[in-house]
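Next up, some structures in structure tokens.
You will see two complexes here that share subunit A, one where it goes with subunit B and one where it goes with subunit C.
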Partner chain A sequence: MTHGTTSRTLSVGALARIEGEAAMHVSVRDGVVEDVALRIYEPPRFFEAFLRGRGHTEPPDITARICGICPVAYQMSACQAIEDACGVRVEGALRDLRRLLYCGEWIESHALHIYMLHAPDFLGYPSAVHMARDHRAVVERGLDIKKTGNEILTVVGGRAIHPVNVRVGGFHRAPSPAELRPLRERLLRARDAALDTVRWVASFDFPDVQGGWEMLALRHPTEYPMLEGRLVSSGGLDAPVHDFERHVVESHVRHSTALHGSLAGGAHHITGPLARYSLNFDRLPALARTAALAAGLGEVCRNPFQSIVVRAVELLVACDEALHIVETYEPPARPFVDVPARAGRGCAATEAPRGTLYHRYDLDAEGTITSAVIVPPTAQNQAAIEDDLRGFVAPRLHLDDAELTRQCEMAIRNHDPCISCATHFLDLTVERR
Partner chain B sequence: MTAAGTTPARLPSLAVWKFSSCDGCQLTLLDCEDELLALAGRVRIAQFLEASRAVEPGPYDVSLVEGSITTADDVERIRHVREVSKVVVAIGACATAGGIQALRNSADVGEYVSIVYAHPEYIATLAQSTPPSAHITVDHELHGCPVDRGQLLEVLGALLAGRRPRIAAHSVCVECKRRGTVCVMVAHGTPCLGPVTHAGCGALCPAYARGCFGCFGPADTVNLGSLRGALRENGASPRDVSRLLRTFNVGAAAFGEAGE
Partner chain C sequence: MNDGVVVIGIGNPYRRDDGVALEVLRGVEALRLPGVRCLESDGESTALCDAWTGAQLAVVIDAMRSGAAAGTLHVGTMGADALAVHTPSGGSHALSLADALALGEVLERLPARLLVVGVEVGEVGDGPGLSEAVAAAVAPAVRAVREACTEVA
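Now for the complex of A and B:
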């Protein structure tokens, strides 16, 4: 490469293997990184605007369409926020079913990211299909785990993408124990495969990088967080979810159609597997804790490249938890509890595969929505991803454009950005002047 | 080299394109866990950004298009897709009817922008969310929010075999009878769009004790006037009927107009 000593400009095509469309812009002058921007081009779809005027029973089906990868996360946050507004709590077997459905989504989404989107980076392939030419059995194992997640979603939710069985108050129909029974064998196998996955990804080479961001996640008194919890951070935040909007502030920056989230004090934060794990290590089931330590993870993990290991540990958590629910399932007396409309405000946050997902609705007395606020995980992670890149690019400017681009893409994929959620397409442009 | 001795370069090429959408329909392709590797042996995945960073230049034999057209740039891009593709298949409610984001079509998009964004001047968007067919000739359309995995494989298999895809044009109601599910509207008075909704899901919702909510869009021949009457008789208010029809396929004339 014949870069000048003081100026060089390059632009590279689309960044692949993320969910949605965004671009990456890096400009370098005289060997100094001047600016890094994660540009989200995904055209706006205006969910928060057209939710106004809709009925209080509609957000689970409507907001699921924000993201085809994590529709259950949207359905769970939406249901619980509406139930909060109407003063209803969903407990017992219905809550277990919700957690089982959510485990299905974690399994499907994490297996997709680990095997199809992220691992090819570490092993030097452009895709999982290319990787399968040399590692067929490994890719088949990943697909089988992913399929198990989809089977849970199909049995409990009706279908894998945009499940039809979820409603405010619970489900339209509760599955019978006989319907859940075949999942047991599948989950036993998937749990073993998840253990193998932890060992496999722990063997990859990881650059020695530490993120300086604050970490934000839910924390539950006894469970690894999924459906609910208090909002906690590595900076000492410990607040009820009702205070979410006081602590996480959204701002609109010129280069993105996703609003940027940051903490009220101005600190950039991440949400997602690294944060969840580091703030809830003591909530991991014993099996997952042992596997994590054996894989070389500490109780806190700040290396974004090791997020693939943490994701594998969470895959194990979800398989173990789903198995437990399937084995102890007693169907609820009714598939849902009534949620009569009333005027008020309700909010909820749940742990989507990519991090904390917050919904808030204001309802009038008839249950018509008068305002809606949705804060997805990737929008919160955007600023921290930019910070990661800024720090990552500087010591790697000696690399040629192709290699620098490849490594930057990898650094972005560490956070499993879901641009569909944040609004989507990573095009990488590195401008060197 | 494959067993038949043909080089991978001579396999038919497949491209997957994304416009405004949730990614769920293209994810359906990755959800074909049992068929994906076999499929990859029969087609060359030449462009599929969600799955691979290896991108081959066109032309492509088959292009799957997900998403609706909502920006001026999209209009240029969908024309490009047509130019470089032999066969264009639109997949999903966004690519066949404009998706749920077509709710803007009857609203003031400027107001929508100001509700969601602090700086409306940063946002470039069209006032209408339209399907690709409003801009280019589309060869096949696959309905659904999301598309059905079986139907997607049928279309790809048919195109590979050089035959017409077998996609039913009847309603969900027919599928429901075939499945032997008790009619939720007749037995329980549950509002159901099954009689007017395009088949393809296998009559999923009634099997889960809920009414069809029309995510596959209108069937080829529908009598919405009659269904509206039946829904009203079962206690649905005009507002309930309007909400039911105005979701993911609001951009399809039969639903959008009846829901006004």
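Now for the complex of A and C:
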């Protein structure tokens, strides 16, 4: 901590419980919040450049490395964008396997965030390790749920970290029904535990905060969105994913090396659990809808602190959906469909645990990538997170630096930012003048 | 529960020297040591706990930055406190590994013995490929891991 005669700067070191590398700076002058800036050090654009000149079969493996927590999201968006460019659709059992794999990632990611990152905030612990000392059984439950997700990734994806079994057109190898069968017992247990999780997090105290941002998510005709859908928003947007770049525009901001995404009209928006839930309440499976209402959620949720409850509902969705797929699985005739290269442009958006993830590729006739665009959910959420913080800090200026910092970190964690996941530091600075 | 020996490499191959542990891991895998499981990790703490729970020996290979010359090997048994001291802000996974040790201690999920093989990194910018100094440390690191595994066997 440094003290000056006219200003005070508090450096709190690493905000460890966020995946990624970033810093946040809050400036206060004469008791008024002057500026809130989330600075991103990590240049996600590296991967877009790195992909140019690569073959059309390579993006799933390369882009999976963008994020350690959500590699499947990158693989699914990449595969479907390439397939779109080549005029191929993957359906039937292969699509079911993709959805099962994606459920595994949602289970892993949501369980990790709820239990290890977010719940300690609400229960007054500085970390999950401290929480585990007093609530060991609860933490063990969370880890067991997460492990169920790991096992899905291992069985379907080939391994729990950076799955190696995914390829454009499907999978290198499709699991047999016998290989999926052991997942059933685990998923039955995980689904019960997810239901307990909804009840547990619903009992937390939540500040009465309402986000004013627009909400953006995919919407599928029948499913809770994951692999595909139309692009919809709380402001009335309803467009095909091919129009994504017309509606979500990226711009450079001075304080960040990452691009900030916003809606074409200039509105800041969020993607992720709150948006998905609020725009797709009627697509929730009955079990999850009942649990959400019993937990006190309405059909729309704009309180970012209650994102932990929504995330728990989505955990239940993923367990329920994965169980259904495992119970009805019939292996595909072939583990993949052929995706011959052709010149063209393809795009796809899927719902990563943290929100809508868009990929677009341009291919030449040999299948070489001539350009790539990747719009991750956290880049879209950053402006809205700053908005949240601006409103959040103002009535809390009476708090000392340590407590204000802690609460700001909590407000950031509401959105589970994954700041491209290559390194893991966020420095938070509150400057009072 | 696992038993035997688990070797875990933590890193990102698209952050230059941060990928060194994965190169070391590949070298260890190629040795096909009996009773030794090799796992790649992004350093997430609960996954580390899962990976080493019940193991007789866990060898964790990671990039480190302590101020020593790039390519310097750090080999030793470390607890969470020591690790936090030895791998300050430069090591991109330091906090996760320290968290994993602390969590493992609370939940009684530590391996019987834990060896950390750290490789001092130089360049951690975007892109694949190790710097020359760090690439030269891969073979000695593989030997260090092999010796540890052989002692247990």
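Operating definition for what follows: the second predicted complex is superposed on the first by the 415 of 433 C-alpha atoms of A that agree within 3 Å, B and C clash if a C-alpha of one lies under 4 Å from a C-alpha of the other, contacts with A are read in each partner's own complex, and residues count from 1 in each chain.
The rule is short, and it goes like this: a residue touches a chain if its C-beta (ideal position, glycine included) is under 8 Å from a C-beta of that chain, and two chains touch if they have at least 3 such contacts.
Predicted model only: the values in this text are computed from it and were never measured.
Asker: Should the superposition on subunit A be reported as showing a clash between subunit B and subunit C, or a fit?
Answerer: clash
Asker: Please tell me which partner, subunit B or subunit C, touches more residues of subunit A.
Answerer: The partner making contact with more of subunit A's residues is B.
Asker: Could you look at A:Pro335 and tell me whether it touches subunit B, subunit C, both or neither (first, second, both, neither)?
Answerer: First partner only.
Asker: With both complexes superposed on chain A, which partner does A:Ile161 reach: first (subunit B), second (subunit C), both or neither?
Answerer: both
Asker: With the two complexes superposed on chain A, say which partner A:Arg173 touches: subunit B (first), subunit C (second), both, or neither.
Answerer: first
Asker: Given the touch rule stated above, what does A:Val129 touch, subunit B (first), subunit C (second), both, or neither?
Answerer: both
Asker: Look at A:Val139 in the shared chain and tell me whether it touches subunit B only, subunit C only, both, or neither; answer first, second, both or neither.
Answerer: In the superposition, A:Val139 touches subunit B and subunit C alike.
Asker: Using the superposition on chain A described above, determine whether A:Glu48 touches subunit B (first), subunit C (second), both, or neither.
Answerer: In the superposition, A:Glu48 contacts subunit B only.
Asker: Applying the touch criterion given at the start, work out whether A:Lys147 contacts subunit B, subunit C, both or neither, answering first, second, both or neither.
Answerer: both
Asker: Kindly point out the stretch of subunit B, out of 55-63, 181-189 or 235-243, that overlaps with subunit C after superposition on chain A.
Answerer: After superposing on chain A, the stretch of subunit B hitting subunit C is 55-63.
Asker: Looking at subunit A, which of its residues have contacts with both subunit B and subunit C?
Answerer: Residues common to the subunit A contacts of subunit C and of subunit B are 13-14, 16, 21, 43, 46-47, 50, 65, 68-69, 112, 116, 127-129, 132, 136, 139-140, 143, 146-147, 150, 159-162, 424-425, listed in rising order.
Asker: How about subunit A: which of its residues touch subunit B in the complex?
Answerer: 13-21, 42-50, 52, 54-55, 58, 61-62, 65-69, 71, 112, 116, 126-130, 132, 136, 139-140, 143-144, 146-147, 150, 158-162, 164-165, 167, 171-173, 251-254, 257, 259, 335, 409, 420, 424-425
Asker: Quick check on the complex: what are the subunit C residues that touch subunit A?
Answerer: These residues of subunit C touch subunit A: 12-15, 18, 39-47, 49-50, 89, 92-93, 95-96, 99, 102-103, 106-107, 124, 126-127.
Asker: Applying the document's contact rule, which stretches of subunit A touch subunit C when the two form their complex?
Answerer: Going by the criterion above, the answer is residues 13-14, 16, 21, 43, 46-47, 50, 65, 68-69, 112, 116, 127-129, 132-133, 136, 139-140, 143, 146-147, 150, 159-162, 421-425.
Asker: Show me the residue ranges of subunit B that touch subunit A in the complex, using the header's touch definition.
Answerer: Answer in residue numbers: 18, 20-28, 30-31, 33-34, 36-37, 40, 45, 48-55, 70-71, 74, 99-101, 103-104, 107, 109, 111-113, 115-119, 122-125, 145-146, 201, 204-205, 207-210, 213, 215, 240, 243, 247-248.
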